[in-house]
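For reference, the structures are reproduced in the following blocks.
Okay, so chain A shows up in both of these, paired with chain B first and chain C after.
Showing the complex of A and B:
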């Protein structure tokens, strides 16, 4: 018994640095945001904030712009994540095959993911510029469009543009995760399926996909959480456009631009809960697969 | 009754030859074991028959028709994998039923066939479980069941027992023998365990470096190994080998040879049949004498036996209760293993005199080729 308690003391001792770091970088900021969201703190003078209860949240819930941001964020996640998953799976399946130059292709595929978002977003911003952009120029010359398109200015088109650029950027990540999953699948199962006379299409749907499901769900969780928190890409491609504003941009606008720390924090807290809710949903959906097959 | 014929089959992986021209006829309704050390190409040969690999050259015939270009399922052959290769996300029932579903069998037919196979293999109470929830032996049974339900022309087994522990392996070996009698189909069985091959197979094919060394019934291989490799591979514990030289030909049937320890013995060798390699049969040529552990006995001190005696010292005793394997060091630096029964109390370091009969000796020339078989030994 004594030995047990001394063991657990040692364990706590070893855990302390990690817990301390976690408290400083995760728990404390989170707690602080929660506290600020219940005050009328201003950026100019955070220390003299007054406790105003749930007033910020009440204001937030009747703000049409906030609900617009929520809708935009959910739509963005709903369109970009499935596109990335399907494209990523296709690329992963190709990269899983043995062919000449596979190593080079694997490295090349990763390039969009390796570029910092701020750089790639700015790069796409220039390429998609409605007056000087190369994309409009090319499309007009090819005769695909009659006149230059306002890629990042028109409400619907800018949403499509943002989704497309995100798909371009994040598909490699999805492909890499799924490729790792594919490579970990038991090869003999596929040989057994060949002996059983299963067609390639059926092998894919009846064996590859069910076996890949746990990996796919984890990849989807990662990507959905990322998509719900999306900030930099949208901020650079269509800054200040309420048609594409996401929850994190809304929170930043109120927090920084309007210096309304309390209200901005309330928006951040809501974003936190939306992300948490989606995570719980995914984990419940995938529990059987992730925990069951571990 | 399905016969499988391999004709001049070779297989290379990126210029690296694995199978070097194999000609083999696998008889129908019998179990053929492919045995050999690791890397000898036995599993590759099985995969070629199954259709998971395509031969580089040569043809494979199933029931007389060439199947080189046919996918595995069209060959009507089922394979049981070493790792079982069960579908982890399907229940036992679905694992066994999958091939039938794909083939478009009716639901009642599938249920009937799976139930029957499951009963035969005693897994009928496990049909709702997934492979994860099964023990190694149960997984093995399900893997066999998956092969059985298809009613294939032939079964291929790729080291099916090597993932099981020793006790379970013996039990499954017995059940495979039972199944073999029940199914009465063509079976090809790959193993590196000569004991499995001896007990299960009707025919054993011994392979080395992608080629067939010898093919025959278990007893044929046991009694008349064609060369040193086969002789050392078949039998457990392995055959003892002693260096010898030819002293003289007594007549055209009998050869006088001398062991390194100085003992001489006269062995019957048909000179006529071996004339073509005369140079190996000159006086002074080297030979290897092979003698199985059970053919050596402790020389009786009471009565004089006609034959050759080997004197040595006990260096190790493996006592199994009903018998003992005694390792004896001979003064010339050679070692022999002896299987002794009865009173097995042999102290290490004790002097021992062993007795061997020349008719029990296998004689190999300096190239390692057998000069005679021991067909005339009566069955015990």
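Showing the complex of A and C:
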């Protein structure tokens, strides 16, 4: 018993630096953001602010631009995440086979993941340039479109572009998670099914998919949370366009550009709750999978 | 007759499979290829859309280094990323050893708390962090970025290292305990050598995260003194919003991405194991 309590003391001692850092850089700033959202703090002098209760939230909830940002963010997540899951699954299935050049393909798939989001936004911005972009040029030459499209300028098209670039950038992550899931599946089920002469299609839908479900759910939720806080991509690809503005961008715009810390914090708090809701849902749904037999 | 048809069918299937692979690879690589090609085109050549360029020039690369902005940003990125990774790994190694190896009450709760920090949106701490940075007088300094990057790297590295440390067989530890070794000795003498590959993997992932970070870098810096490369690239602009210096932007983009692409090629397997360790085995 005595040894046990000394062990647990050691454990807490080992964790102290980590917990201290997390308190200073995560818990405290988060708490302050919550408090600031109830004040009229300005960027020039944050500490001397007056308590104004829920006024920021009341203003926020009647702002059409805010609801536009909420809609954009939710639509973005709703379109990009399923696309990434389907394409990611396809790539994972390919990489799960053994063939010549598999290592090369896997390395190629990792490249979009490693490229900084800012850079990929710039690269695609250039490729999708309405006058000089290679994509318009190729599509026109192939006869797919009659005239060059304004990929990043038109309201609906720029939304499509943002989803497209996000899919390009994050499908690899999805594919690699799903590949790891596929590789961890017990082989005997598949062998038994093959011996019994079950068709490939049936094996996929009746064995692979149900077994892969836990991994798929984890990957989906990781990506959903990432998609809900999207910032860089939209900031570069369509800066200042209210048609594509997301919740993160809205919050930062009010916080930095309009120096309205209180109001910006209120928007950030709302985003936090949206993400927290999804997270709680996730932790409850996948508790066994995440924490294992810890 | 029947068997030739079968061979033909199998051959076709294989061909289709390889075509699909080539398609995936080119979709993944083409944007980077096009950035490289564009970065070597000077003057009006950049507006040409030939897939293979006719004449190449280093002009764009010279231009971005003529101005000190980009050089500064590169140095800042290197310093910030390396410092972030070193601090995060140090803190995370200690914590993850306790979380993976020492049974104590409240372990699950700590793990949950750490996981939830990795999930919350960066914007949610933006104003609180800004205030903290102002109070500590770190605004527009590299240390402001190192501090704020702890928010994402410390929980992530702790989580990933914990799942790696769990895989170390118990026997090694038990032998050491019988010999009377303390927890700290066990960590430094036994665990450290075993998990050092995992440390490299986790460090790499944290490095990439810090190198690519944008929101904090954009908000907590003001001048070239502390700006990192992603911000410098975002700020590169021409005479007007509609006349971006694409050649320079592509040259800068290629330079920031090259180290990452090299890391990915060299450490491919490790990166994949690190990415999936935290999510699946954890």
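Please note the rule applied: the second predicted complex is superposed on the first by the 273 of 294 C-alpha atoms of A that agree within 3 Å, B and C clash if a C-alpha of one lies under 4 Å from a C-alpha of the other, contacts with A are read in each partner's own complex, and residues count from 1 in each chain.
One rule holds in what follows: contacts are C-beta pairs under 8 Å (C-beta built on N, C-alpha and C of every residue); 3 or more make two chains touch, one makes a residue touch a chain.
Not measured: the values here are computed from a predicted model.
Peer 1: Are chain B and chain C a fit on chain A, or do they clash, once the structures share the same frame?
Peer 2: fit
Peer 1: With the two structures laid over each other on chain A, which partner does A:49 touch: chain B (first), chain C (second), both, or neither?
Peer 2: Touch partners of A:49: none, neither chain B nor chain C.
Peer 1: Which chain, chain B or chain C, is in touch with more residues of chain A?
Peer 2: C
Peer 1: By the touch definition at the top of the document, which applies to A:140: first (chain B), second (chain C), both, or neither?
Peer 2: A:140 contacts neither chain B nor chain C.
Peer 1: If we overlay the two complexes on their shared chain A, which of chain B and chain C does A:188 touch? Say first, second, both or neither.
Peer 2: Touch partner of A:188: chain B, not chain C.
Peer 1: Would you check which partner chain A:196 touches, where first means chain B only, second means chain C only, and both and neither mean what they say?
Peer 2: first
Peer 1: If you've got the overlay open, could you tell me the nearest Cα approach between chain B and chain C in whole angstrom?
Peer 2: 11 Å.
Peer 1: Provide the residue numbers of chain B that touch chain A in the complex, in ascending order.
Peer 2: Residue list for chain B touching chain A: 50-52, 71-74, 77-79, 81, 83-89, 98-99, 102-103, 146, 150.
Peer 1: Taking the complex as given, what residues does chain A use to touch chain C?
Peer 2: Residues 7-8, 10-12, 14-15, 17-19, 21-22, 24-26, 28-33, 36, 41, 43, 46-47, 91, 94, 97, 99, 101, 103-120, 122-124, 126-127, 129, 132, 134, 137-138, 168, 172-173, 176-177, 179-181, 184, 215, 218-219, 222, 225, 228-229, 231-232, 235-236, 247-248, 251-252, 255-256, 261, 264-265, 268-269, 271-272, 275-276, 279, 283, 290-292, 294.
Peer 1: If we count contacts the way the header does, which residues on chain A are in touch with chain B in the complex?
Peer 2: Per the touch definition, chain A meets chain B at residues 186, 188-189, 191-199, 202, 206-207, 210-211, 293.
Peer 1: Which positions of chain C touch chain A when the two form their complex?
Peer 2: Residues 17, 20-21, 24-25, 27-29, 31-32, 34-35, 38, 46-47, 49, 90-92, 94-95, 97-99, 102-105, 107-108, 110-117, 119-132, 134-135, 147-148, 150-151, 154-155, 158, 183, 187, 208, 211-212, 214-215, 218-219, 229-230, 233-234, 246, 249-250, 253, 256-257, 260-261, 263-265, 268, 271-272, 275-276, 279-282 of chain C touch chain A in their complex.
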